[in-house]
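Below, each structure is written out as structure tokens.
The same chain A turns up in both complexes below, where it pairs with chain B and then with chain C.
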Partner chain A sequence: MSGRLTRWLARDINAPVFVLALVLALWTVSSGDPYGLRLMTLAGIYALATIGYQFVFGHAGALSLAQGCFFGIGAYVAGMLALNPGVGVETTLPAATLAATVLAALVALPVLRLHSHYFALATLGIGQAVLLLAVNWVSVTGGANGIAGVPSASLLGIPLGRGWPMLLLVWTLVAAAALAARRLTGGWAGPALTLMREQPQAAEAAGIDIGRLRLGGFLLSAGFAGLAGALQLHTIRVVSPEVLEFPVMVSVLTIAVVGGRTSVAGAILGAVLLVHLPEWFRPLQEYYLLAYGVALMLCVAIAPSGLAGAALSLRRRLWTEPSPPLPAPMPVPVAAAPACLEVHGLTRHFGGVAAVDGIDLVVTPGEALGIVGANGSGKSTLLNLIAGAERPDAGSIAWGGRRVHRLSPDRIARAGIARTFQAIKLADGLSALDNVAAGDWRGRDLTRARGAATALLARLGIADIAWQPCGELPPGIRRHVEIARALIARPSLLLLDEPAAGLGAAERETLGSLLMDLHGDGMTLIVVEHDLDFLRRVAGRLVCLSGGRIVADGTPDTVVRHPAVVASWLGSPGAAGGADG
Partner chain B sequence: MELLQLAINGIALGAAYALVALGFVLTLKATGAVNFAQGDLVTAGGFLAVALAGLLPVPGILLLPIVVLAMAGIGLAVATLSWWPLRDRPPATMFISTIALGIVIQNGLNGVFGAEPRAAPPLFTGGHVEVFGAVVARQSLAILAVAAILIAGVHLLLGRTQLGRMLRATAQDRAVASALGIRTGAMVMLTFALAAALSGAAGLLLANRYFIAPTDGGGFIVKAYIAVVIGGWGRVGGALAGAMLVALFETIVAAWFDQAVATGLLYAALLAILAVRPRGLFGEATGRRA
Partner chain C sequence: MLNSSVRRILAILAAIVLPAAALAEVPRIPVLVPVTGYLSLEGTAQRNGAIMALEADASVTFEVSDTGTSPEVAVTAMRRALRNTDVGVIVGPILGTQMLAMLPLAEEYQVPLVTISGTAQLTEMGNPWIFRFFPGDAVTKIAHARYVAEDVGAKRPAILYQSTAYGQSGHARLVEAFAALGIAPVYEESLDVATKDMTATLAKAMAAGPDVLVLHLHSGPTALVVRQARAQGIDIPIVAGSAMHQPSTAALLEPAELKGVCAESGSSPISGGSPEMEKFAADYRVKFGNEPDAFALAQYDAARMLLAARHAGATGGAPLRDWLAGNAFEGLAMTYKSDGKGNMAHDAVIVCYDGESRVPRIVRRYQGVDGGR
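After this line comes the complex of A and B, so read on.
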């Protein structure tokens, strides 16, 4: 046990966090005056709301401005219930949590598909609407005066006094929330969430259902906020529309940014700091919000990962931990479910231009198909349509007899079609190993996923860089990492968009051998590429696109001699599509 | 005749909202990010007019140039604090930073002027005139005229001048504009100045009939956002039309029920629009942005 504790303390910033927590606890016990206890209780309440907020803001990467609204809903629901005699926290807390979660579920449909600032402003609209309701629905909410005279809280009939009992209840829940957050965002979910934040398209292509994760984050954040709001009601025993106004939201946002967007310790530290700030700077009086604003602005500019992030990078700068040993490799089998890809009349317009114009194509299981064509001939669009990143305007795509052209990219990925991107999409902050492990949507177990990732990186000859952050890797290696991520999903069809671009001769050689190995294992390949020599080596069949149509189809040797191909390649007079050479 | 009166009031309010929405869209296009403090710049402009009126007892129209110039300067300060240091970061970063700035403005105003709503002087004189039998506040007509002149001015600036072409090029594609030798950093700063000047003018226009309080900024930014949702993303004309619809809706529903119902229904309408048409009511396909 003590060995485990020592190891835990040695990791990251656990030791200073542990010491700080002890100091805070001792400080609270020793001061012990009612006002001090109340402040620590409120700090716990804000920590709880922020731990919840981190699910949507930190982990899912969506700037929600509805957290204050969910907090207020929790306070109101708890207040209305607690006015009835005999109703204890065993009822009010779950009811408040549920009410906030239900509201979040109701508004999720319109707002969750929005991105970045559009999502933020829509969630702000929700908050404003609920505030209006609270002020004007006087018979239920008490209007501008709110609900006062809420009796002292009780748990299963046992009265909970102010001071210690409330403080212990709140901080017990904070501890439970911290453990829940660890369970929900630790392990495989960690790299998967990071990939989703930094490269949403890559995450979808790796089989990760972004919509579900975002919804989950949003609902969890609302539930935690509702719970925190209810606890605040029981602590201060009044609720008024103030609880729904922007300052609550700003406080939670400031705590999350100042403390750290994904760190539970950061949320707690931030909450304790920000709740005490007005007390420590009494001359600020009403201007404490102004101080929050300045702190928030400075923090965003100077320490974007917050106090927790700053401490972590300081720790890493002071003494570098040796890279952990590579996990034991776990070989990744090639999926043995060969299926036929049938494309019929596929069409996709951008504005008035048909990027893909009525393509018919059948790729049989185990085939290695190369696609050539000038820039703008529709190669990448065709790949994007097959992978679900674009929806066709007309035509169909069937995969193993099942129509897939209306499916989302993550569902297509889970059906066994993996892809790489023309512009490499990796999460730069994650190690190569975790970038690959994030694609293991089947196992969802970090140890196993890392084992499989190790085996794949070794197969590609780059196991030595496994622990390096992807942002530091050269382009050639990054391509290989992306291919490894595609392979960890055990696809039966692999789509590669210009895999040899930017690679040196030796790297092309290795990549070619790898693709031939995969082909030998029975995997179907579709390779978009400009390098004809490379394609001649790996592809058994070539298709040439021009102006969104197939102009030649056959063995590599016949296709490269086809007049239309020569024309589109060399740009002879009257050639369609005008080649770039 | 009551309906005509409401319509004129609504259009006047819409003209002021249109100034805010215009600033919102211009900044959005130039930086790819939202200046959340835009709403607070409206209140700042309103309170600046209130303060100036205390020093110079002249009609609002004479204060307007001072407010516009001062707000342009404040816009440059906003850009320096909240855009320039964060220009290479994800758009949400500037959003958060401008939320922070908005809080500073809000609480600064609250500290100096107090929380009570205040009124700025009318543009010309108070009172009413009769238009086709409807009794209309002179201020409403003045708001309409001034906002129309300002919008026309921005239109000419963007459409007819070399500076405008450079501003538009920067908004369209910063990398290409930069390669053409345009100082894109300066252009974005100028866009902030222009947006702040428009917001400040809106503040002066609104602060007479509708009063202004330090915490009003959030409402303005949400209304600008709704206008843009209605009008379709990134379309200047759409945003102006959206602002008109928002204001007409608010004015007419408020006359039927009350202000709170009007605003509540407006937000409900926003969510309904987003649920059915996430790309905006009249929006073209702009993909993931919505």
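After this line comes the complex of A and C, so read on.
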């Protein structure tokens, strides 16, 4: 037990957080005045709301502005229930949590289809709609006055006072929420969520169902907010539309930014700080909000990654630790059964431009196909269509006889088609090992995934950089890491978009050997590349695109001499002729 | 000699480190008012009125805390104030939802809460610790409706009210008062405090054919409605809520735009009426650099009644509650006496602007409207 505690304390910023928690607990116990207890209770409530908010804002990377709304829903539901004699927190807390989660589920379908500022505005709209409902549905919500006269909280008939009992209840729930959050975002989900947040397109291509993860994050954030709102109701015993207004949302967002977007310890630190800070500045009278604002700006300027992030980087600067040993390599199971890729009449327009214009193409199992063409000829669009990142306007794609052109990228990846990108897409903050492990969607077991990732990195000859953050790696190594991530999904078709771009001669040589090895293992390859020498080495067949159409198809030697290819590459008139069989 | 910055820093450190009680040598009256947010004008007037009264008596000190516009912040401010063991009374905010959140604590700690909030519900919850020194909606809205019916002679009012606790409470009372006078509003609409463009609302209201516009809005929206109504050429009388009596509201409008505009209020200190009232207004201008309104005067009267109770031996808690509940006080605005529920103010006035200045004239006084005195 003591060994486990020592190991836990030695990890990340656990030791200073543990000491700080002890100091805060001792300070609260020793002062013991109702004001101090109220502030700590309030801090716990906001910590709970922020731990929830981190699921959607921090882990899923979506700026939801509905957290205050879910908080308010929890407060209203708890308030309505608590007015009935004999209804205690054993009923109000679960009901509030459930109500907020159900509302989130109802709005999730339209809202989660949106991205970036559209998502933010849609979630803001939900909050405004609920606020209007609360103000105008007077018979149910009490209108603008809200619901007053809520009796003291009770648990199974035992009255809970406002002071210590409420403080203990709130912080017990914070501890439970922290453990739950750690469990839900730990293990394989940790790197998968980071990849989803930093490189959503890569996450989808690695087989991660980001829609499902975002939905889960949204529902969890709502549930936690509802629970926090119910606790707030029981501490002030009234609920009014102010609880649905923007300041609650702003408080939670500020706590997440100041404390740290993904760190539970950061949420707690941020909540304790932000609840106490304005109180510390009260003696400044009318200037207290100015001082509060300046303090927050300083926090964000000094610690842009949040207090938890700043503490972690400080710790790493002060105590340099050797990288942990590499996980024991685990075998990467053989690829899925080879299949035939059949493309018929595939068309994709961007505005008035036909990027892909009626392409017919069959790639047989175990084939290594190279695709060449001038810039803008449709190579990457064709790859994106096959990988599901783009939807065709016309035509079809079949994989092993099954139509896949309407499937999402993650489903296509899980069907056995993996890819890399022209511009490398890695989560820079993650180690190379975890960038690769994130792609192991089958097992969802971090130990196994890291073992398989170790084996792949060793095969690619880059096991020595396994623990290095990808942001610190040179382009050639990053390219290999991306390929390793594609391979961990055990694809039978690998799509590579300009894999040799930016690589030196030695790195091209290594990459070429790797692709030939993979081809030798029976993997089907489609390689988009400008380097014809490289393609001649790895591909047994070349296709040349021009203006979104195939202008030549055959062995590499035939294709490179084809007049249409020469004309296409030299830009002569009449280049886009018919396809060469 | 320490300079003021150092003294301020030491004060902050002392406030953080030392229990507040250790700093207090004379009884302290917490003044918890909204000096930030959408009620900052009213809250600042409230604060100024309290300061005017309390600074004049060396036997007490006071401490002003901002409550913003959130019940949560108000409760925290009250908890902070209650750290002092010598707190016998608290001046509470004008915002009704904040007062509703503070009421259970007042009962728990047995501390009287003195406020100028007009929210009707406050004195209808059976809490004996609340004392309201501004006429509530039960008084002002009857006066409002009676003036519209009896003096303006209107039969077809259009009512625009705020979608806040203040607005909904006042609207309900107005509709009741009009019904008692046999009048049915031809148009009713609630407005969000953030609404800036009133033209569509005014067009809909006018389409209903009203003969008077009855407003029950906060300060900013009141000024916007009056200005946009005049800009649209709407020349029917406008009888507004108490926000329109505030000099800060009138300052947002040109005198010509104010012609034909009247407002209900508890009082109108800048309208004069007695040497004491004129002295109060002059002192207020000197001290705060702006014009006093009825909220400042009501809070001034309330604080003076607290001091009177103190000098009579009722310093706080139950004795003070009983004194406030059982005694009358002759204030500058009116005579205050509890109706048994904590409603201390029972008079209202109607003021009107003449179109040439921003100082309104009191045109009608309604005394003992609710029969509570």
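The rule is short, and it goes like this: the second predicted complex is superposed on the first by the 548 of 581 C-alpha atoms of A that agree within 3 Å, B and C clash if a C-alpha of one lies under 4 Å from a C-alpha of the other, contacts with A are read in each partner's own complex, and residues count from 1 in each chain.
Note that a contact is a pair of C-beta atoms (placed from the backbone, for glycine too) under 8 Å apart; a residue touches a chain by one contact, two chains touch by 3 or more.
Just so it is clear, the structure is predicted and the values come from calculations on it, not from any experiment.
**Q** Answer with first, second, both or neither: which of chain B and chain C does A:V29 touch in the superposed model?
**A** After superposition on chain A, A:V29 lies in contact with neither partner.
**Q** Looking at the overlay, what does A:Y292 touch: chain B (first), chain C (second), both, or neither?
**A** first
**Q** So in the superposed three-chain picture, is A:V135 touching just chain B, just chain C, both, or none of them (first/second/both/neither)?
**A** In the superposed model, A:V135 contacts both chain B and chain C.
**Q** A:V107 contacts which: chain B (first), chain C (second), both, neither?
**A** Touch partner of A:V107: chain B, not chain C.
**Q** Which partner does A:A144 reach: the first (chain B), the second (chain C), both, or neither?
**A** A:A144 sits against chain C, while chain B stays out of touch.
**Q** Applying the document's definition of touch, where does A:Y118 land relative to chain B and chain C: first, second, both, or neither?
**A** The answer is first: A:Y118 touches chain B but not chain C.
**Q** Does chain B (first) or chain C (second) touch A:A10, or do both, or does neither?
**A** neither
**Q** Should A:E242 be classified as contacting the first partner (chain B), the second (chain C), both, or neither?
**A** second
**Q** Using the superposition described at the top, list the residues of chain A that contact chain B and also contact chain C.
**A** Shared contact residues on chain A (touching chain B in one complex, chain C in the other): 135-136, 286, 289.
**Q** With touch defined as at the start, can you tell me which chain A residues reach chain B in the complex?
**A** 61, 63, 107, 109-111, 113-118, 120-122, 124-126, 128-129, 132-133, 135-136, 245-246, 250, 253-254, 257, 286-287, 289-290, 292-294, 296-297, 300-301, 304
**Q** How about chain A: which of its residues touch chain C in the complex?
**A** My answer: residues 33-35, 38-39, 42, 135-136, 138, 143-146, 148-149, 162, 232, 235-238, 240-243, 247, 279-286, 288-289.
**Q** Which of the residues in chain B come into contact with chain A in the complex?
**A** Against chain A, chain B makes touches at 33-34, 81-82, 85-86, 89-93, 95-97, 99-104, 106-108, 110-111, 215, 218-219, 221-222, 225-226, 260-261, 263-264, 267-268, 270-272, 274-275, 278, 288-290.
**Q** In their complex, what parts of chain C are in touch with chain A?
**A** Chain C residues touching chain A: 8, 11-12, 15-16, 19, 35-36, 64-66, 68-72, 75-76, 79-80, 82-83, 96-97, 100-101, 103-104, 108, 119, 121, 125, 163-169, 190.
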